[in-house]
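Just so it is clear, A, B, C and D label the chains in written order, and each chain counts residues from 1 on its own.
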Amino acid sequence: MQKHNIAIIGASGYTGVELIRLLHNHPAVNIKALGAHNQAGLEAAQVFHHLSVTKLPKLQSVETIDFSDIEIVFCCLPHATSQQIIKNLPPHLRIIDLSADFRLRDASIYKKWYGHTHIALELQQNAVYGLSEHYRNQIKHARLVANPGCYPTCALLPLIPLLANNLLNPDGLIIDAKSGISGAGRSVAQHLLYNEISEGFSPYNVNQHRHIGEIEQEINAFSNSLQNIIINFVPHLVPMRRGMICTIYAKLQNGVTFPQARDILTQRYEDEAFIHVLPANITPSTHQVRGSNHTTINIFQGSDANQIILIAAIDNLMKGASGQAVQNMNIMLGLSENTALEAIAMFP
Amino acid sequence: MQKHNIAIIGASGYTGVELIRLLHNHPAVNIKALGAHNQAGLEAAQVFHHLSVTKLPKLQSVETIDFSDIEIVFCCLPHATSQQIIKNLPPHLRIIDLSADFRLRDASIYKKWYGHTHIALELQQNAVYGLSEHYRNQIKHARLVANPGCYPTCALLPLIPLLANNLLNPDGLIIDAKSGISGAGRSVAQHLLYNEISEGFSPYNVNQHRHIGEIEQEINAFSNSLQNIIINFVPHLVPMRRGMICTIYAKLQNGVTFPQARDILTQRYEDEAFIHVLPANITPSTHQVRGSNHTTINIFQGSDANQIILIAAIDNLMKGASGQAVQNMNIMLGLSENTALEAIAMFP
Amino acid sequence: MQKHNIAIIGASGYTGVELIRLLHNHPAVNIKALGAHNQAGLEAAQVFHHLSVTKLPKLQSVETIDFSDIEIVFCCLPHATSQQIIKNLPPHLRIIDLSADFRLRDASIYKKWYGHTHIALELQQNAVYGLSEHYRNQIKHARLVANPGCYPTCALLPLIPLLANNLLNPDGLIIDAKSGISGAGRSVAQHLLYNEISEGFSPYNVNQHRHIGEIEQEINAFSNSLQNIIINFVPHLVPMRRGMICTIYAKLQNGVTFPQARDILTQRYEDEAFIHVLPANITPSTHQVRGSNHTTINIFQGSDANQIILIAAIDNLMKGASGQAVQNMNIMLGLSENTALEAIAMFP
Amino acid sequence: MQKHNIAIIGASGYTGVELIRLLHNHPAVNIKALGAHNQAGLEAAQVFHHLSVTKLPKLQSVETIDFSDIEIVFCCLPHATSQQIIKNLPPHLRIIDLSADFRLRDASIYKKWYGHTHIALELQQNAVYGLSEHYRNQIKHARLVANPGCYPTCALLPLIPLLANNLLNPDGLIIDAKSGISGAGRSVAQHLLYNEISEGFSPYNVNQHRHIGEIEQEINAFSNSLQNIIINFVPHLVPMRRGMICTIYAKLQNGVTFPQARDILTQRYEDEAFIHVLPANITPSTHQVRGSNHTTINIFQGSDANQIILIAAIDNLMKGASGQAVQNMNIMLGLSENTALEAIAMFP
């Protein structure tokens, strides 16, 4: 199989090392360069001991990477830094950016949530939002794919078919989200210590999380409603490494029945390799998807006639980050979408 | 200090052993008998190895317990079994029942949720719902206290002051609840194995959990609304031993402001030893209460004008079960309410 | 690539489902049948929810499996049951048995540790002990491979090169072993509940674990010493899902130096795909191997001249069970040894 | 009861906050001051959210503490810093130091393990090693108690009675130790992040841990052997918050029998409130002691005649640190030794 050279910038973080895990045996990919500013010069195995079992390029600063024969770059940098780096990448590169920098189409919304003016608006204009199942055609030809956030991926997948078919009441949308700790990355902070996290559970950034802007953008993009939809969003930290659940409370439009909603959801995803609407009454669980690119979804009836409860489960590092990034790369390269993503969940 | 003799029936489960932990050093209590049907004849230390460090009565069947000099019985049996046992207890005993058997005042509601006809309705009539802070006066003189469920305790404490003061819109009440695994008790079931639970997160009994009946009963009891309030309730299992969070989405009545709601909540609990409304923007977390009888609560603004988000944290075995049971015993005996409950959370 | 049909008997346990995970995408394998006595008739996805994302044969009882076009059988049954089933399998099948039934070459030793007389001694005679790196040639042509236990694999890999080269004093060999909980399988027992395991650590079967017989058999098989070597062995349960560490205390023969021992170890494994002697002072850790078939090993100096400390890390379900079973199948089929085992550890 | 004023210096760490947990309800203690250099001026509840439920002094720098009416100071600072601070404390204070600074009686040994010259040797001369059960009489009158390390406490308690009675062969002593993560304190380091620790197990500082000096000092102090005893010591990190197990491999002197050793151990501790030699074959486990000051111990036979295996379990923050510190304070003040330490383990 023809090998495409790729580079990973920001390889010393968790989404970076997850890309290494997925790509080091991808039959059509050759990992050509690993960028990591602060660890430049180190072997990858010095930064992640489990990498000592395989051969990888040394970590290097972005400036020293020879991009001439590289085709695709995965960018795993923090927001703000990401736009600075991507702005200066050679034009022949196709880029999959895992940061938030190119997800928000409206510059003022970006500034509202991220607190600074965007410095690469010209790139943002042509960026494609990388929710694979819903932007597949645009991703195929994109130069720059803005890989979605984990919470948005998990919340949007169950919502979009219902919104797009005008089944949902635009009012009262509530997303109660729960994430494993790897979502916080490898940043060294007291509140992320083992002793501060394990055996505890807590909400954080109550209704103020930056992913709200991204979720609302896409909800309104897919909604047929004229009304601007806003959400209530409370994320919580679960004492586990990987996994994410969104429990979504919504109301059906008057006249829409629960079976109709269920049918629309099932039909929309029945041909998708990674999205699984479960049989009635089987609850999504992160154990169903841990270590895999799969998403499990179900829909339940609420207490009053129109109320429904949507639940979705993903692995935040896979479908919520690096797995979807590889899926997007496969789309961009015209490969089978599940290449190197065939793994089912690791259980136990 | 005068010693009151007590017995614990169902001492081989987690709420039973939590009562032993709390009561073995209670200055006004003497643990006189421990009932455990299947383990009758064993030392407590054979059933729970950590009890080998202290002296306790042997486990025995209920029939063999001499209740003549016992004053208070804690009943930690499963529902249905509990009513059978309690029905036949000598009349001089005062009883704190930790099962669901005497919590529901309406026999038909009991049958709806628990699937069988109640066989001790004459007792249920005089049972007092043991949410300590809100039924204190009745508990004081009660013969039979129906100790609340963990989810109801966690959900009701933040809601009751707002309902009682007519601040909440009766529509659209959503309770998204998360519990540590000890809530499932010591029953030996595949889905409770370490390998099935750890590193995973999942909803269960979506909108069908038995505690819904109990929560709705108390919500309507305290509400000033003429309308029957119903809730949407989704519980989730968190891979941790103890702790519970309820994230509650509600709407204020038109004309009620967020500061008003916050004030009512703060004022109601400012003199309570165990209920703490946190400063603005500090989020409740189970680590704040683990191993203690405390509850932490906060209120947050939602995305649209009337929407609020209430969050409460308890230890499900303490304020959610055995801690509140001891608090109720203290009330019944006229003791200081926090006797033997002075512990702050164990952290780390 | 030519497809070999395989069957997994005992597919409802953890080693069975790990084989499914590894083999469902093995390019040269077709999973033809899944045996599971108690769950016969169920879909695999009903027994393990995460399997709903892929197509698999239904579970069936062994008697109903059509073995005519099956080439290899993986047997994941408990000991004693395993020998009964294997005894009656058609002679054309090649078998990889993950139980302890065919590991011990001496029938009296088998009876000593497993408490009953072996009923298939004729098969045991031709069974090959499946420690891949040290029995590769025999495995290639074996009809029946006795896949090693997890503790023996982890303890023997660092010891064998030193024993085979006569570097170790036969006295005073101590193996202090630590295992994740999946090693206990999916059996439903109180002591394996989440609440009994998490946040705790304990030794068990102190110097009485059944794997002692297996370890001593192989130690003496590879040792050049005339003396029968016995070990002290204490296993411990670690509150984690997967992973195993053996910390081994041994003494070098007089005159043997630490660098000599290190060199022998390094040289023996330098061409092995799955065995990695780490650079000096880097400690093995289960995170280096979780979800992979890799083993990491290091050797450290003890406090007195001859004392050494060997440490090895494996994933108990991979190199300690199903991973090594697939490695052995690859050897038997003449495939590249790491086919379908290319994964590096999943971290985080 | 008469109240003794105490101060805790280094109150923002885990041993400090554990002292707060134990002492805030101690009937004979009044927490008068909390020292914390970097957080001076903050409320304790800002540093540990779970402290918001109780009243405590503000954190302040040591220089600003008025020690005039304080009787006892607990010092929870890092080594080196501790000696600097204690050197300058007013002479009327009695001090319990939880650091390593005053544990080693030989200044050269201190320098060997801690890498710098001790600057308060005059104090070290009069320091008493605070292993409560074995230095009780000296502790009673000490001005400065050097509270033992967690590993030394756990290793020494089972060894001392056997050494003191000359039952152990001085050769070949091996201590394989396992600790929960709180032993590492609240220091913010990458290797202590939740994602780096959970679901993994690893040895560290193989045979190079600083506690070796302390263990060897006390072993030789209690041994009747003329020979200087050295140990092999490998500590491991267990993915749990609290708890410690030492698995100790030793040889009995020729002529000493296993029952003799067991008897000596049992007799030595039968009157101790916190040390429990378990019945034969019951294994110590951290769950037996979590959150309590108790120690459980057992002795097992090894594979050859003289070999024994000693196992001890403690809570590293309790008997391994703050619990023993309070026990020592109780001794110093002539109080019942278990005052404020009556808690049995918190299980589940």
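In this section, a residue touches a chain if its C-beta (ideal position, glycine included) is under 8 Å from a C-beta of that chain, and two chains touch if they have at least 3 such contacts.
Everything numeric in this text was worked out from a predicted model, so none of it was measured.
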| item | value |
| --- | --- |
| Third chains touching both chain C and chain B | A, D |
| Chain of greatest Cα-centre distance to chain B | C |
| Chain A-chain D separation of Cα centroids, rounded to whole Å | 46 |
| Separation of chain A from chain B, taking each centre as the mean of its C-alpha atoms, in whole Å | 39 |
| Between chain A and chain C, centroid-to-centroid distance (C-alpha), Å | 36 |
| In chain D, residues with contacts to at least two other chains | 14, 182, 195-196, 198-199, 239-242, 285, 287, 290, 348 |
| Contacting residues of chain C [partner chain B, same complex] | 14, 181-182, 186, 188-190, 192-199, 239-241 |
| Complex contact set, residues of chain D against chain C | 172, 174, 176, 178, 180, 195-196, 198-204, 206-207, 230-234, 236, 238-243, 245, 247, 249, 283-287, 290, 300-304, 307, 309, 311, 313, 348 |
| Residue ranges of chain B in contact with chain D within the complex | 14, 17, 20-21, 24-25, 48-54, 182, 198-199, 241-242, 276, 278, 282, 285, 287-292, 294, 296, 317, 342-348 |
